[in-house]
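Two complexes come next, and they have one chain in common, chain A, joined by chain B in the first and chain C in the second.
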Partner chain A sequence: MQACFKDKVGDVLLPGDVFSFQMPESITDSKPEKVVCGPGLRRNGDEVLVCKSGILRHKQPNLYWIDSQQRRYVPGKGESVIGIITAKSGDIFKVDVGGSEQASLSYLAFEGATKRNRPNVQVGDLVYSQFIIANKDMEPELVCIDSCGRANGMGVFGAGGLLFKVSLGLVRRLLAPQSEIAKDLEKMFPFEIVVGMNGRVWVKSKTIQQTLIVANLLESCENMTAQQRQTLFRRVADGSI
Partner chain B sequence: MRDTPLSNCERDFLLKAIEEKKRLDGRQTYDYRSIKISFGTDYGCCFVDLGKTRIMAQVSCELITPKENRPNEGIMFFNIELSPMASPAFEMGRQSELLVKLNRQLERCLRNSKCIDTESLCVVSGEKVWQIRVDVHLLNHDGNLMDAASIAAIAALCHFRRPDVGIQGEEVTVYSTEERDPIPLSIYHMPICVSFSFFQQGTYLLVDPCEREERVMDGLLMIAMNKHREICSIQSSGGIMLLKDQVLRCSKIASVKVSEITELINKALENDKKARKTGGKFGFAESLPQERITALKTDVSPVEMSDVKEKANEIVQRAEVPPQTVPSPVLTAPGTGQVGEGLENSWGLEEEEEEEEEETMELEEGHKEKGRGDMVVISDSDSEEEDVVILNQVTTKEKASSSNQQGAVASKQKQKKKRRK
Partner chain C sequence: MPSSLSAQNKNKRRQFPATVFWFSLGIVMEVCGSSSPTLREFGCEQNLLSRPDGSSSFVQGDTSVLAGVYGPAEVKVSKEIYDRATLEVVMQPKVGLPTVRERAREQCVRETCKASLLSTLHPRSSLTLVLQVVHDDGSLLSCFLNSACMALMDAGLPMSCLFAGVTCAIDTDGQVITDPNAAQEKESRALMTFAIDSTERRVMMSSTRGSFTVHELQQCIAVSQKASDKIFQFYRDSVRRRYSKTL
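Moving on to the complex of A and B:
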């Protein structure tokens, strides 16, 4: 059964592809094999269906998933995202996170906020926050504090900086520990960066020129090999572009 | 679905960047994004890429009865579709304000400028005229839809061919493309829209605004112009006050841009014509890669199996007797090669030599010509390395020379011969 998957690891698969297995007629001495299906794979009876387009990846011992370059975000519990405040209504804020539905954010879910001491948040502001409720059927809910009541890096953004969108795949690459893209970028010049799991990236640097450079470099990283990226970064660092 | 809101920080950043004469994608103030024009397999199908904005235009025609007050004029019809594919903010089947604005502007740009000879579309006065329909579909929205739509529409109209018609007395015949070559529309000039966006109450001006720039702009000025520098339509929206100088300056810029774009369209049309004439791949077919099967499973397709045996027997009986095949008269002697079905495999004596078989055979053939005693073999084949291999020197030379493949084959050849002897 695993051989069927292993055969295709690293290949491009499309939605609608089917992995079908020849089930042994008699379950005797051999133990049944187990496979864990990650994002993009779905079980349907005796078959496994592909439901996203992308590259099949494998992690020992039996984890398989589809690595896609999708841009539409689907909220997941515990993920940190960049949201835009769209409305203030009563004691909650409505936040756009790029999902199918707007998330709600209580005004008490900020560090040091009390009923009297409301946080200063305007419509159109950016917030970096975390999902505590993210279900298919319910309105997602965000908070800007951790379980100890500390901000822990979350909250409202200061003025300035540029927000732009990249694919979710690039965001995951950026957030991976020891990310090579982040390491290469760090060498150029100092800048602040916030990466949300919803594909939004916020960058702020000393000048507008530098901010634009970082933003454009990140956008162009999407479809580049490590070598191409490094040569591009070197050229930018030398000031030839 | 509602559109992604614009955050305050983006707005501030964009305005500050425009003040510093910088744009998000590194363009200059008067630069267009890169324009790509490609045509589909059908006549009158055109795709335009303006940066990330992508638009498809398809022209079609139909014979209808004309309007009563204009009995000998054909009818032009323009239709723009904003599909949710272009942007999640667009909804299907709803007449949004943007849609009406775009449609109206496209009509003003192409119909009211009389760029197409509508009288040539008349077949029988008062009874039958051609209606030319232009469908513009938005495939991706990244700002400046009007310019891209006008380029796509005019390029599609230039590319379009309508079927030829013949009139004999009362009878009207529409010929298919196989019977008679279809006729292009007669187009007098090519009006193209150029958009200018204004910021800070008209202090700053940008050509070809992208989507985010469109969101923070104060006003928009659209000028439709042809390459003869005739203004076909001009429209200002957003409610800003423009000075006379500004409008004049914009029209000057527009004339430059329009002549560039017209040239681009003409070049694209010419390329497409050439590709069609040579019969090579053009339009959509060109962009399709080689077919590759990515499916992991194919369904079992049913095959009729009931009376296969009888049918096969019938065919065999009806078929003529196949010409008698004589087994190859060539005697297989050591050193001769045979390839083909039903023949005795006489070459490739050892399995381990499989890789070099081909070259060995070449050598053997060369060898045959020269006779058995001759030790000098010239491999006169079309192999990549045309080397002269001298066999009796192999033992001494080979050690010195590099282990190239030809040498290796030669040494094997030598071994083989020893065995044969």
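Moving on to the complex of A and C:
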């Protein structure tokens, strides 16, 4: 069954493509194989259908998903995003995360917040937070603490910096462990970067000029091969651009 | 010019417009013996606009259409559907305001997209598809369908299958012309546009004008199904080219 997928790993697939598994009838005592299907793959009876265009990816032992370049974010549970506070109503904040619906964020979901001690959050502030409820039928809910009650890097952003949007595919490439783009960026000059799964990126460095360089480089990374990117980064680091 | 005007009117009366929607038509069409149908040169570009979530431009000969998709986005309460996404199709003509003709085409494209999109995966949200005519040189509806399909794919919306639009014209000698230009459309006796799905090559939508026999209709469907193979292959090649840098 996995052989069927393995042939196609790295290939471009389109919606409507089908993986069908015809078990040879002679083998009856074999153990059933399990496959975990990620975004873009749907099970329909004993077939797996592709419902997004993109590249089939594989992770050991049995994970398969479609990697696509899209712009619109769809909330997923446990994902960390950069949100913008749009409203304060009673004991919750409304947060724009770029999805189809605004997410809610309780004022108690900050580190050290109590009913007495409200966090200082204003409309228009940026927050880095995590989804604890995200499904298609319910309003998504964010928190700025982990399960131990610690901020763990989440919370309201400080002053300064620049927020911009990139495609979701690029964000996933940036956040991947041992990401090549992140490694190339690190070599240039020191700067702070926050990457949300919703395609929002916040950058802050010593000067505004350096911040803009990072923002422009990231935006241009989208449609470049690794080689093109490295030559561009090298030229920027040398100061020729 | 009263004489020519009345002749035109007469002409108009003879051609009765009819739009029919067929979903999963279960008839096996006979494949006509002719060689593969000829289509004009076609081209496509995805992700060319910066603001929409998905965009495409599709060119068939001199006919050119630009499409943009927004969504899944926030929906007005009055248009909200509790178990699936609300799909809206807006068609912009080259000049002037949208007319009844644009509305009819909007409906054709909307019903086709509705059938192929898995809108239940994004309940209580809105999907907006904007189609802009850049140049009309015949087969406009099929160009709309192809460009819509590419834009939906670019936006990464879940779809059960792809679709392709093919226009066929039957000229006065009874010859079937696939993908006619504006001049051929004008001279034709009948004009039909079909949306064909990618999985089973079935007719998803048909829009016809003029008079034709049942046999001619079946012949046109068979020709369109053959022509759609070329379009689907083109879809695959152009998406592969788009992802070539991240492979």
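Keep in mind that, in the parts below, the second predicted complex is superposed on the first by the 217 of 241 C-alpha atoms of A that agree within 3 Å, B and C clash if a C-alpha of one lies under 4 Å from a C-alpha of the other, contacts with A are read in each partner's own complex, and residues count from 1 in each chain.
FYI, a residue touches a chain if its C-beta (ideal position, glycine included) is under 8 Å from a C-beta of that chain, and two chains touch if they have at least 3 such contacts.
The shown structure was predicted, so the numbers you read here are calculated from the model rather than taken from an experiment.
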Discussion item. In the superposed model built on chain A, check whether chain B and chain C fit or clash.
Written reply: clash
Worksheet item: Who does A:Pro15 touch here: chain B (first), chain C (second), both, or neither?
Response: second
Worksheet item: What is the contact status of A:Ser100 with respect to chain B (first) and chain C (second): first, second, both, or neither?
Response: both
Worksheet item: Just chain B (first), just chain C (second), both, or neither: which does A:Leu212 touch?
Response: first
Worksheet item: Can A:Gly54 be said to touch chain B (first), chain C (second), both, or neither?
Response: second
Worksheet item: Regarding the shared-chain residue A:Thr225, is it in contact with chain B (first), chain C (second), both, or neither?
Response: second
Item to complete: In the overlay, answer first, second, both or neither for which of chain B and chain C A:Ile84 touches.
Response: first
Item to complete: Once the structures are superposed on A, label A:Ala3 by its partner contacts, choosing first (chain B), second (chain C), both or neither.
Response: neither
Discussion item. Contacts for A:Gln70 in the overlay, against chain B (first) and chain C (second): which applies, first, second, both or neither?
Written reply: second
Worksheet item: Which of the two partners, first being chain B and second being chain C, lies in contact with A:Met138: first, second, both, or neither?
Response: neither
Practice prompt. After superposing the two complexes, find the one stretch in chain B that runs into chain C, choosing from 20-28, 38-46 or 182-190.
Written response: 38-46
Discussion item. Can you give me the overlap between the chain B contact set and the chain C contact set on chain A?
Written reply: 12, 14, 16, 18, 100
Worksheet, complete the sentence: Interface with chain B, chain A side, in the complex: residues 8, 11-14, 16-20, 84, 86, 96, 98, 100, 122, 124-126, 157, 159-163, 202, 208-209, 211-212, 215-216
Worksheet item: Where on chain C is chain A touching in the complex?
Response: 47, 52-54, 71-75, 116, 118, 121-126, 153-162, 197-199, 235-236, 239-240, 242-243, 245-247
Discussion item. Considering only the defined contacts, which chain A positions touch chain C in the complex?
Written reply: 10, 12, 14-16, 18, 40, 42, 49, 51-55, 67-72, 74, 99-102, 136-137, 169, 173, 223-225
Worksheet item: In their complex, what parts of chain B are in touch with chain A?
Response: 1, 4-13, 16-17, 20, 22, 24-26, 294-297
